[in-house]
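Two complexes, one shared chain (subunit A), two partners (subunit B, subunit C).
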Partner chain A sequence: MTSIGTGYDLDNSVFSPDGRNFQVEYAVKAVENGGTSIGIRCKDGVVLATEKLVTSKLMKAGANKRIATVDRNIGMVSAGLLPDGRYLVSRARQETASWRQIYKSPMPVASLAGRLGSFVQMFTMNGGLRPFGITAIVGGWDSEGDMAVDGQVGAGPSVGAGGKASGKKYGGPFLYMIEPSGLYWGYYGAATGKGRQAAKSELEKLDLSAGALSLEQGVKEAARIIYVAHEDSKDKEFELEMTWVSGLSGPTKGQHQEVPKELREEAERLAKKALEGDDEMEE
Partner chain B sequence: MFRNNYDSDALTFSPQGRIFQVEYAQEAVKQGSVVVGIVSKTHAVLAALKRNAEELSSYQKKVIEIDAHYGIALAGLASDARVLSNFMQQQSLSSRLTYDRPIALAEITHRLSIRAQKSTQQHGRRPYGVGLLIAGIDTTGPHLFEFQPSGVTQEMVACAMGARSQMARTYLERHVDEFEACGKDELIKHALRALKESLSQDKELTVDNTSVGISGEDEAFILLDGQSVVPWLNATFENREGGEESMEVDS
Partner chain C sequence: MNHLPQAWGRPRDDVYGAYDASHFQMSGPTQHSSRPIVTGTSVVAVKFKDGVVIAADNLASYGSLARFTDVKRLRTFNSKSVLGFGGDVSDMQYLDRLLNSLSVRENYSTSIDDSGKSDLDAHNLHRYLSKVMYKRRSDFNPLWNHILVAGLGEKDAPFLASVDLLGTTFSSPTLATGFGAHLAQPILRRQVPDEAASKELSQEKAVELIRECMKVLFYRDARSMDKYSIAVISKSGVDLKEDEKLENQSWAFAEGIRGYGTQVN
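After this line comes the complex of A and B, so read on.
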């Protein structure tokens, strides 16, 4: 970073002579210090997982949840400044609620990612604001058919605007990641926070784009990847938090929920075992 | 103190991704006098050390009742705390008016967090210079939340903040496993002992400088201040010097 300290990095919404917005780059640094968060898009659902560092033994165990439910079918987790994450979640909830008001149906994950991207972008252009110090992962399940919604009148058109064209596949699991710049991409496997490099290389090994990984398998992989990503900061204690969302026929019935305790503990047991196995091979 | 280029407002990230104005606001919390909070299975308790500006002035209020089911203790800028406590009182009343139920502690803490976050990202304001402990009871049991100027809030089983609070925290960490089973009496004693750990050598907990707030199952939040705190001081610290003297002041 050659132009650091030359005055172009003091204000948001100011370009440096070589066309960079330093404040956004610094915001990314805030993200890189946060606990690792990941999302996996499986063939029948999405898993979100986060490494919650336990900074004090006076903290209440199992409280202070980091993964939020935005709408019934959408979950969100972020790495970076915690209050910024919470603020973006509250914005996301407003977006999905107003979508329901207007369209009488749940908001597609892609639309939410778009709205949040625009919102986050606004904070990089306005002089009176600072960029978000977070990268957010948004995962959810779009319903395949038309879902009945409270207050809905009639079934709506069967084809055309607002309806479903015949012969085309709709809905399914979706995963997006939104960066401090407002940039967002769709992902099969997304990772952010301190251990993102390790997590990314583990995610790449899974060959997620083939669409073969089942949701339950995804939960186990997610737990293992968080444990792997935690290896670099081994001295710090952490809690694993995981949520998932499947289609109507799956285990969560289209809703974003916490992974059941038994399954999470099983996944953690396997994760620890896998790590021990690795250590033995190295020796 | 050294200065740097990146600390003039709360809207500027440093190259390391830090926001210095927020960190400085956190320093204001460390200048406030110490407050302690503990939660058990049945009760939530707050204890605070009050300071007076000079010999003849009154002592600064440290524990504030917000609603019948909870209260706060503050460390840092008291005037900022008053703004926030007003906000919390309004939100709590509106919950009772709209839904006919006391507001959940997690909910009021969340609203506080969102409010504080805004002043770290939007122009024209500074972060709040006060830390709060929010303690009380709702339909899900007793709770204790810690609030920081950055907008960070965490649910704790025990917590201390303010000047020299590290000593109190050490006490709390040593006894953390005992708290859950404590009754009301034991919990208040623990809080007072933790508070005492943080006092400087020449100071003592007295009728004037100690505040305790407590709420429990089927018990509304009570603020123990002045004479009502004396029995607790006597019960907690045996052979206490000056106990009788402070009684005389009142007679």
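After this line comes the complex of A and C, so read on.
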């Protein structure tokens, strides 16, 4: 960082004379050191993937998952300080549970992103608090089916008022990224952590806004991008962790789940092959 | 001087008349539900060699009025268990939401690598429900239900048990709640007298037996209906049908019943 805080970095609630909040900028630094995490919004679902750096050989392979499930249909992954990530996940779970208490139905992903954005932002304004040292990626599927109210026992009247406007589309895949400042946007493809630059340029090549990429292709691309992003820190070992969520007609039936082992291994094999191909071309 | 301490220091009743304490109680004592309002009737279930069959009709009565005719009283919890609710429908809805939030929380820690091994099984679910019901009755605020838990328990063995509004639990190869306990249970026991007999029973026979019981219940229970739900829980998962109709009814027997129809005596 070019300028040292010169006293304006000791508290959140203080601006520097040129209008910066140094604490937030330092939090971004914490994120930039974390393992790469990405999210891809495909036409029929969302994939989340993370490069889980193996910090010790004494930890069980495949244990200590980094991608968390919120409610049933939403996944969350973050880069930066791990405990901060866990805290935000527990907050997200509280939010979705209280949403169900009030509205008797699952929380839309957009509403969750909004609540989390406000929550993270609060930590940038108050004295005595430290901003979150994470950037979180939130991906999920809002049900496209007729959504029953929780605890509903009947179908309601078969004639008369009630029901939906015809021809209107509901639900679908959603992806949001929340930064330490509390800033959040919806994305087609999101990347954060150490390898985010490489990952972002790979994501841009996919032309996600066209909405042509299928979920299974998305899984393979996600694996490849994590491997590409890992190139710069090749000396460190890592595990690829991937989850996905599809619509009711898709493979996960609207639930956020781990990508099945066979598919993940296939994606990893292809990713390694693609990387070797690149190396050969360079030579 | 009165010998009762609560009267000491107060105006004497024999001089001023009895103290009017009515303003102390603006409202009555705390009251909880003392009876169910909208109710579902019997649930019947039987264990067979690979799983459990459970059924309940789709009626919710408001007293003697057949108020709601598409009420789903069989609730799937996960791929291993189904609950059948008799009694108050709003309490059933509360329990349904409670269990929904439980299942959301269970789902957080479940990874598909262990393919549902860490899922709550029917036995765990029954234990949990019995604690909830007993807590509520001990608070003098019972959930007015009689619940059958049907599914797979430890080592995927068929599991069937009941819990009622007092938190009383028991288990048997055949179970029925409400009127079913009087009308269907004898029929079930004739076919499946003990655990050994349920291990011999095939799925087809079990389903047939339960359908027969639903028919008898419709004949004789005035708070029942001819539309019902039936679920089969086995290792292949839960097969729930929610829109079944009673078939091959015969009301010939009714002629012989005293007091039926226009016959008075």
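Rule of thumb we're sticking to: the second predicted complex is superposed on the first by the 261 of 283 C-alpha atoms of A that agree within 3 Å, B and C clash if a C-alpha of one lies under 4 Å from a C-alpha of the other, contacts with A are read in each partner's own complex, and residues count from 1 in each chain.
FYI, a residue touches a chain if its C-beta (ideal position, glycine included) is under 8 Å from a C-beta of that chain, and two chains touch if they have at least 3 such contacts.
Quick caveat: nothing in here was measured; it's all calculated off a predicted structure.
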item	value
Partner chain(s) touched by A:97 [first = subunit B, second = subunit C, both, neither]	second
Subunit B versus subunit C as contact partner of A:128, first or second or both or neither	first
First, second, both or neither for A:12, with subunit B first and subunit C second	first
Partner chain in contact with A:260 - subunit B first, subunit C second, else both or neither	second
Touched partner set for A:167, first subunit B, second subunit C, both or neither	neither
Which of subunit B and subunit C A:68 touches, first, second, both or neither	second
Touched partner set for A:145, first subunit B, second subunit C, both or neither	neither
Parts of subunit A lying in touch with subunit B, wherever the complex brings them together	1, 4-5, 9-12, 22-23, 26-33, 56-60, 63-64, 81-84, 86-87, 90, 123, 127-133
Interfacial residue positions of subunit C with respect to subunit A in the complex	60, 68, 70-73, 89, 92-94, 96-97, 100-101, 104, 107-108, 111-113
Residues on subunit B engaged by subunit A in the complex (per definition of touch)	5-6, 10-19, 110, 113-114, 116-118, 120-124, 144, 150-152, 154-159, 169, 172-173, 176
Residue numbers on subunit A that touch subunit C, as the complex places them	62, 65, 68-69, 71-72, 93, 96-97, 100, 104, 150-155, 255, 257-258, 260-261
